[in-house]
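For reference, the structure I am asking about is given below.
Per-chain numbering from 1; labels A, B, C, D and E assigned in written order.
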Amino acid sequence: MKYFNIEYISMATGLFLFLVGLWGIISQKNIIKIIISFSVLDTSIHLILVSIGYIRNKTAPIIDGVVSKTDAATKIVDPLPQALVLTAIVIGVGVTALMLTYALRMYSENKTLEINKYKSLKW
Amino acid sequence: MVNPVYIIAVLLSVSFLLGLFRKPGSDFARLAALITLAFPAIVSVSWLLQFLGEPTSPFIIYTAGSVPPFSINLKMGIEEAFLTSAVNILGFFGFLYLYRTFKESGVSAVVLFLVLVMGLNVVIMTRDIFNLFVFLEITSIALIGLIFLKKDINAVSAGFKYLIAVSVISTILLLGIGFIYYFAGTLNIDDFVSKNSGAVKGMSTAVFLVIIAVLLELKPFPANGWGLDVYQSAHPGISAMISAGMATASLFVLYKILPFGAVYWMQIIAAVGVITFVGSNMLGIAQKNANRLLGYSSIGQIGLMVGIIGFSPMLGKHLWMVFFGLFISHFLAKAGLFWLSGMIGKENIKSWSVLRKQPLLLIAFGVFAFALIGFPPFPSFFGKWQLVMDLAAHGQFGWIVAILLGSMLEGVYLFRWLGYAIKLDVEADQKLDLGIEKLIPVGVFALMLFGASHFAIENVPGGLTLNLIPVYFILLLFVLDFLPAKIKNSIAILGMAYYAWLLYPSLQDDTLRLVFAGIFLVGGVLTLFAGYSVKGKRAGFYPFAIMMYAGLIGLVEAKNLLQFFFAWELMTLGSYVLIIRGKKSLVHAYNYMLFSLGGAYLIFLGMALSVAGQHGLSLSLLNTTHFPGWAYTLLAIGFLTKTAALGLHIWLPGAHAEAESDVSPMVSGILLKGGAFGLIVLFLAMGAEKAGGHPLLYALGWLGAITAVGGNLMAVFQEDAKRLLAYSSVGNLGYILFAFAFMTNVGWLTGLTYSINHFLFKTLLFLAIGGVVMRVKTHNMYEMGGLIKRMPWSFIAVLIGIITLAGIPPLSGYAGKWLFYNAVITKGWYFQGAMVFFSGTIAFLYCFKLIYSIFLGQEKDKFRKVKEVPVWYILPQFILIIGIMVFSARPDLVLKPIGALLSQAGYFPTDPLTWENVTASTNLGYWSGYKIMLVIGVMFVTLLTWLLVMSRKAQKVKQFNIVYSGERPFTPETTHFSHNMFAPYYKALGFLTIPVVTSFWEGVNSTAHAFADSFRKIYSGNGQTYIAHILAYIIIVYLIIF
Amino acid sequence: MMYSLIIIVMSLIMLVMAFMAIHHKNLQVAVIASGIISLFASVIYIFLAAPDVAITEASIGSALTVVIFFYVLNKIRQSDDTK
Amino acid sequence: MIRNSILILLIAGMAWILFQEFSAYHGADKLNSISEYYAKNAPTETGAANLVTAIVVTYRGFDTLGEVTILFLTAAIIGFMISTGKKTDRKPEQSNSELLETASNVLLPILILVGVYIFINGHLTPGGGFLGGAVLASAIILWLMSATGPKISHALLEVTEAFSGFGFVILGVLGIVLAGGFLDNKILHLGTFGTLLSAGAIPVIYSLIGLKVGAELSKIIIVLNQTQGEEK
Amino acid sequence: MELLIKIGFVLLGLFIILNWGLIMAGIIRKIIARVSMRRGIKIYQPYINLIKNYSIRSQLSHGVMFYLGPVFRLSGGVGIFLFMPLIYGSEIWNNFSFTGDLILIAYFMFFGMLGMALGAGEGGHPYSAIGISRGLAQFTAIEVPFTLALLSLAIQYKTLSISEIVAMQQGGIMHWTLFTNPVATIAAMLSFLGAMGHSPFNVVMAPQENPIGPPTEYHGTFLGVLQTNRAILHVIEAVLYMNLFFGGASSWLELLVKSFFVYFWSVFVGMVFPRFRVDQSIPWMLKIPMVLGILSIVLLIF
């Protein structure tokens, strides 16, 4: 039962969350809800990336008592995706904050959070 | 060389430090930023120069003291050097443009701008896909921040839509990158390509996600509403950065990651690009908002470049040349246009007429517009040329059609726009935002287009064969435009005369070409004489007049297809500007341009078909084309747009009639022969005599006959003198087409005689009538009358002109008629021949109307003081009259050598015209122009003497001394029978003049607009819908690929 | 095996929270739900041998994001009040 | 209804694409060549015990630079957008609970200390600059919430923000001058593996990253806190 | 010398034609009068008119073109005469037909019309212009069947030279185009009706509505010139048709007789039919005669 391994489960969860996030973005009318959906989407990507880097039954990529410099290659999980995720998390937070600021700004102009009220530009 | 990483380091550290200068006022910060931005530009340009100087291997920038697959590396090769140069120059001038805006916005925006430029540099240089992701995010976010430079709600909401869309796209990109890493075990682009692990299951989907994300960043049609909104609402200076800068980087990203995908994906990418190009331009035609329209155009152009990247396997080593040509034109022109838009400040494209307050800006607008469409000498012309040629070589004709269709649609709105700018009234309250910091970028970019042209010419295959002397002469005239008109006129005339002298030896033996060269150059000089009567500067006239003539003469000189098409487009461009100078020419010049553009693209397509499967560019490739049917038909229709065959003629009457007095003869008497010469080239290519039975020729023969009747019939019912002459030109070009379609020796002689005649008399008539119109300030013939007393010289000119036109012996018009009959009977095209004859008699009607209504009949009170037209109009007229006389008396001087050429060069050896002294004869009949002239002359003089003797005491009487039922007529107006002169004729045959053709084209026009208008509703303005579009786009492309 | 079960449970909770985040009418609740997703994700990261990611996600992805959300929601409510 | 079904169709389509990936996914049993290289050589090359840190700060330090720039941008944009409104220095009217005030007074120094500790030790233990920065930012939040104590100095924040970023870039450039390339950490001696003062420039860089992240996040929060959501 | 002799004979021929034209006009008008139960004019009345007009002293001119109009007109008539071979087989009576062929004559007809139109136009009288516009309009339609017939002839005889066309019709009445190509002949003769300007195609002159058109503005010598031309032109056009369709003439007598009958045909029809308006005559010409003309070509091709 290979799908019972943790990396499969987390991968599947990530992909599901991805879809749920997308669904939220395209179905919710409220701008804040859209942003929340985006943050779900963001989290899901992190989860997927970490799952990608996971190697069965290996430990964290830190040289310490458990893992020595010499046998690191056989004992640790892939550190690279984790590095990517670190970067992605911070980017995600920046983008989310930016979206929220935009939402705030839009709200202060038009007093509504309905995205389909912002259609003065079209065609 | 400076390590390119310093570009990043300097930009970043300055932007970090600028945060400190928030309080003391931002002047220092702005200045520092501007100076800082010069640094990357200098660095990357110096790299570019080095790579151009000697091809060396790319410079790799390693980071972290490690080597590529493990650490991030950047690359500076020639491509990167070029693109970063572009981006950094754009950055510098873009910043300069926004210099004042930044004062109001504060330091934050300055910082954002610096980071944006930095990000673009890294995106171009990096070789690591995750790094790519990070810096794409940086550029997107910086742009989104900069959108806020305009603080209205539209900008904010557009920014939000953009932000959401970009975030979703980059999430998908990140997903793809993650899986690529999983399957390939690397993030390095070069490493990935060398590992060649595309076959792994799941890999292709991962790669798909990455590529589709990058494609979506490039805003493919129709999943691009978010991009359009930003183009529309952002500060134009920022839109310029998006359109030019961001697109540059994204395009290069696409190019970098392209090797990831399977080869057949190229087709998909090409399709994505071309569909974007066509679709976006299609929707653009219904758009009136300048910035949004520029957005449509940008997206379209970027789509085309995506297409080029998709076509890269077919382009081979030409890829960079093609890309360069189209890219640099888009880059410079679009940035320039957005900047101009910012200076105008109003949204409707009609407001651009304010540019007329600053002629230099108007020129810049023209340069940008022409560069976008792809007119020579701009690089896009060569890019498009080579693209089409290479596609043709691979048999991709569907794509060529699509690309040309897209270009055509782009022309539809760009020329409407340009026309508005040139012609519409300036709104009273409108101001131009002129700051030196705004003018410099626009000017520099316009000039750089010319530099880029130079580069493109050097690199396109066959480009070095182009004769650029006329182009330099045109540029010289641009520079000298500040001089008074008279001096420029002399320069132009001398230039043309000198060129004619230079050219003559090379054409001496080829009489066929010599005739046309003569028409173009001699005619050019003669028509320019009229220009001496213009006072003032006549700004912008001479460069374009010379451009038109340069194009025409280029046609004659052309030895290969590129030269021919180059000349053709040059001619179109010049004549368009000449035509639009007329007071009411807005819509006519627009029609002219659209038909010309359509025609040019058909020619282009025809040429592409001709060279397909063959090598080189020589004109003789037309002879051996593998697709004769299509190629010839397309070329023929293309040339027919210029000769205004019925169905394609609707641009002509207005364009010729509303042009300035001395422009009408240029565009009518001379320009139309360009199309005729094109037909000659085509027909010669069709293999001369053996093609005589070609169904195309048969069709063209009928078309010529119908055009002759239609054009002349329309002319009969005109009240506008110049319009009458214009329709007459339609008819006459019908004759010419008909005659050339014979493909027999005598037929061609007929065609050439008609061509020469039409040149002589139509130039003469338009000069004369133009002069009259200039004096009386109306085109309506019924308002004139009796002007023979005021303008006797003009009257004589018109009289000679119409005698020639009507083909009455002894003048040379008859030569054409006689040859024509012989040709018709030999060929056996009796019914068409009868139609053409019928049209000849109709011509008589309007000839009479023309001369009677203007010069005879009752003189009007208001014109009793008008003077004869200026001597500079009379002079060329009488030179032309001398020409007519000489040609009438001694047609053998011209026709004999041509006939000899036609039969000896192997074109049409059978049934030639035989000459015995001055008498020509065929199997059917004979004709001696010289003797006829002599007989008639002697007889006329004798009879005149007889009458003079008999009525020597004739008494001159006053105007109203006529037998008028015993009364004196009230006013000349009521006594001058002129308006609706041929009413009974209209009753009888007017049904033939119902403007079905005009209605047809209007129908086409309104259908296209209606389609565009309804289809663009998909851009609902709802950001969420745009996301749905993006997802749908991903899914659809996925389903197509897999 | 034990880990797998725990992760499955957490995954299910995350999915429920995701639906809640998207469909719950109260924005505060939705924000908190999204924060919980991040938090649970960071727990999963621990299982996936990614402690660096886990603590960063917990602090930044979860806590800080939620705080920012609340600030903004607060602002929006305030500007409603002042109207 | 039609709209919803179209949207569901879209999600189904995306699900199909994602399923392709999932079905190709099979976990991993061993490191791939690149990560194997990291596992074998990174500790010696960089001197960092935490391989993630080694990658984040050196091998992919350029990414991190970009990421820091994104935060910087975000903060700048938020400042740019919000500050354009009318600034009303709103005094927080609501009185905070005693508990919060006390807690913040106690916690604040501790939080700052913890944050600094985390990013200084980034090359040895999990955490590092991002976490440290976040902790610093949370200290700021706490400070704001308690509304007592000295006002946060904008100047200090800005100087920190500017010079931490600038320092990062300068260290990177020093890498070109003194060592093997941009952002090379070997500009400083690698030191003894596993100790605080080891791994070359990594602790310095990570500290700068931490300061930068902390400053930016704080700035975002301060800006959001300071202004009325209302303009015009 | 040779040329002088030639010119002498040409002038002689012109004199004959002119006289025949005047006499024929008298005869025809007499016939018309008798048919309509009037006494009519004297047969030599045209001579009287001509002499009277030439000798009238008062001469009014509206300008140069007005003055030149009659010259053009007469040149047109005389020119056609000059380019027309008169008698088959005679070098002498071939005039200057060696300079051009049938096409020349067909187009030279415009010369006189144009001059007349311009001269009358400068007169400034609106009715002149009306008449001219009608005349020109009608003329375009009249030319259509004629041209088709000409083409038919050219196909049939493979030449455009009038002399050769006449030559090919020699050898008996059955060789005439009238019999070898009857359809073309009918088409051309219908067109001839229009060319002669008799009813039903005489709205151009329109004696009733336009009593004061060009003939009134032009008076005295001018009118004399015009009348001279009219006399010449009528005969010479009849001669053209005779040459093309009725076997030409091998002697002056034959020429006079044949031209009379050809001309009489138009008078005869004019007696019988009422007048067309211009907008009626044009469609009429473009119906039956044109169809006949096309038919004549079709019959020859297939």
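Here is the rule we use: a residue touches a chain if its C-beta (ideal position, glycine included) is under 8 Å from a C-beta of that chain, and two chains touch if they have at least 3 such contacts.
Quantities reported herein were computed from a predicted structural model and do not represent experimental measurements.
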**Q.** Contact distance in steps, from subunit A to subunit D
**A.** 1
Q) Tell me, which chains sit next to both subunit C and subunit D? A) A
Q: Compute the centre of every chain as the mean of its C-alpha atoms, then state which one is farthest from the centre of subunit A.
A: E
Q) Which of the chain pairs holds the record for C-beta pairs in contact? A) B-E
Q. Hey, which chain ends up farthest from subunit D, C-alpha centres compared?
A. E
**Q.** Identity of the most central chain, Cα criterion
**A.** B
Q) How far is the middle of subunit A from the middle of subunit E, if each middle is the mean of its Cα atoms, in Å? A) 100
Q) If you average the Cα atoms of subunit B and of subunit C to get two centres, how far apart are those centres in Å? A) 59
Q: Averaged over CA atoms, how far is the centre of subunit B from the centre of subunit E? Could you give it in whole Å?
A: 53
Q. When the centre of a chain is set as the mean of its C-alpha atoms, what distance in Å lies between subunit A and subunit C?
A. 11
Q: Could you check subunit C for residues that touch two or more other chains and list them?
A: 50-53, 56, 60, 64, 68, 72, 75-76, 79
Q.
If I count partner chains per residue in subunit E, which residues reach a count of at least 2?
A. none
Q: Mark out which residues of subunit B touch at least two other chains, giving numbers and ranges.
A: 130, 134, 137, 141, 144-145, 175, 179, 182, 1028, 1031
Q: Check the chains against each other and report every pair that touches.
A: A-B, A-C, A-D, B-D, B-E, C-D
Q: Please give the residue numbers of subunit C that touch subunit A in the complex, ascending.
A: 1, 3-4, 7-8, 11, 14-15, 18-19, 21-22, 27, 30-31, 33-34, 37-38, 41, 44-45, 47-53, 56-57, 60-61, 64-65, 68-69, 72-73, 75-76, 79, 83
Q) Which of the residues in subunit B come into contact with subunit D in the complex? A) 3, 5-6, 9, 12-13, 15-20, 22, 61-66, 69-72, 105-106, 108-109, 111-112, 115, 118-119, 122, 126, 130-131, 134-135, 137-138, 141-142, 144-145, 148, 151, 175, 179, 182-183, 185-186, 200-203, 205-206, 208-209, 1028, 1031-1032, 1034-1035, 1038-1039, 1042
Q. Of all residues in subunit B, which touch subunit E in the complex?
A. 786, 788-789, 792, 795, 799, 802-803, 806-809, 814, 817-818, 821-822, 824-825, 828, 830-831, 833-834, 837-838, 841-842, 844-845, 847-849, 851-852, 855-858, 919, 923-928, 931-932, 935-936, 939-940, 943-944, 946-947, 950-951, 953-957, 959-965, 975-978, 981-982, 984-985, 987-989
Q. Where on subunit A is subunit B touching in the complex?
A. 18, 22, 25-26, 29, 31, 34, 38, 41-42, 45, 48-49, 52, 80-81, 84, 87-88, 91, 94-95, 98-99, 102-103, 105-106, 109-110, 115-116, 118-123
Q) Once bound in the complex, which stretches of subunit D touch subunit C? A) 50, 52-53, 126-128, 130-131, 134-135, 137-138, 141, 217, 220-221, 224-225, 228-230
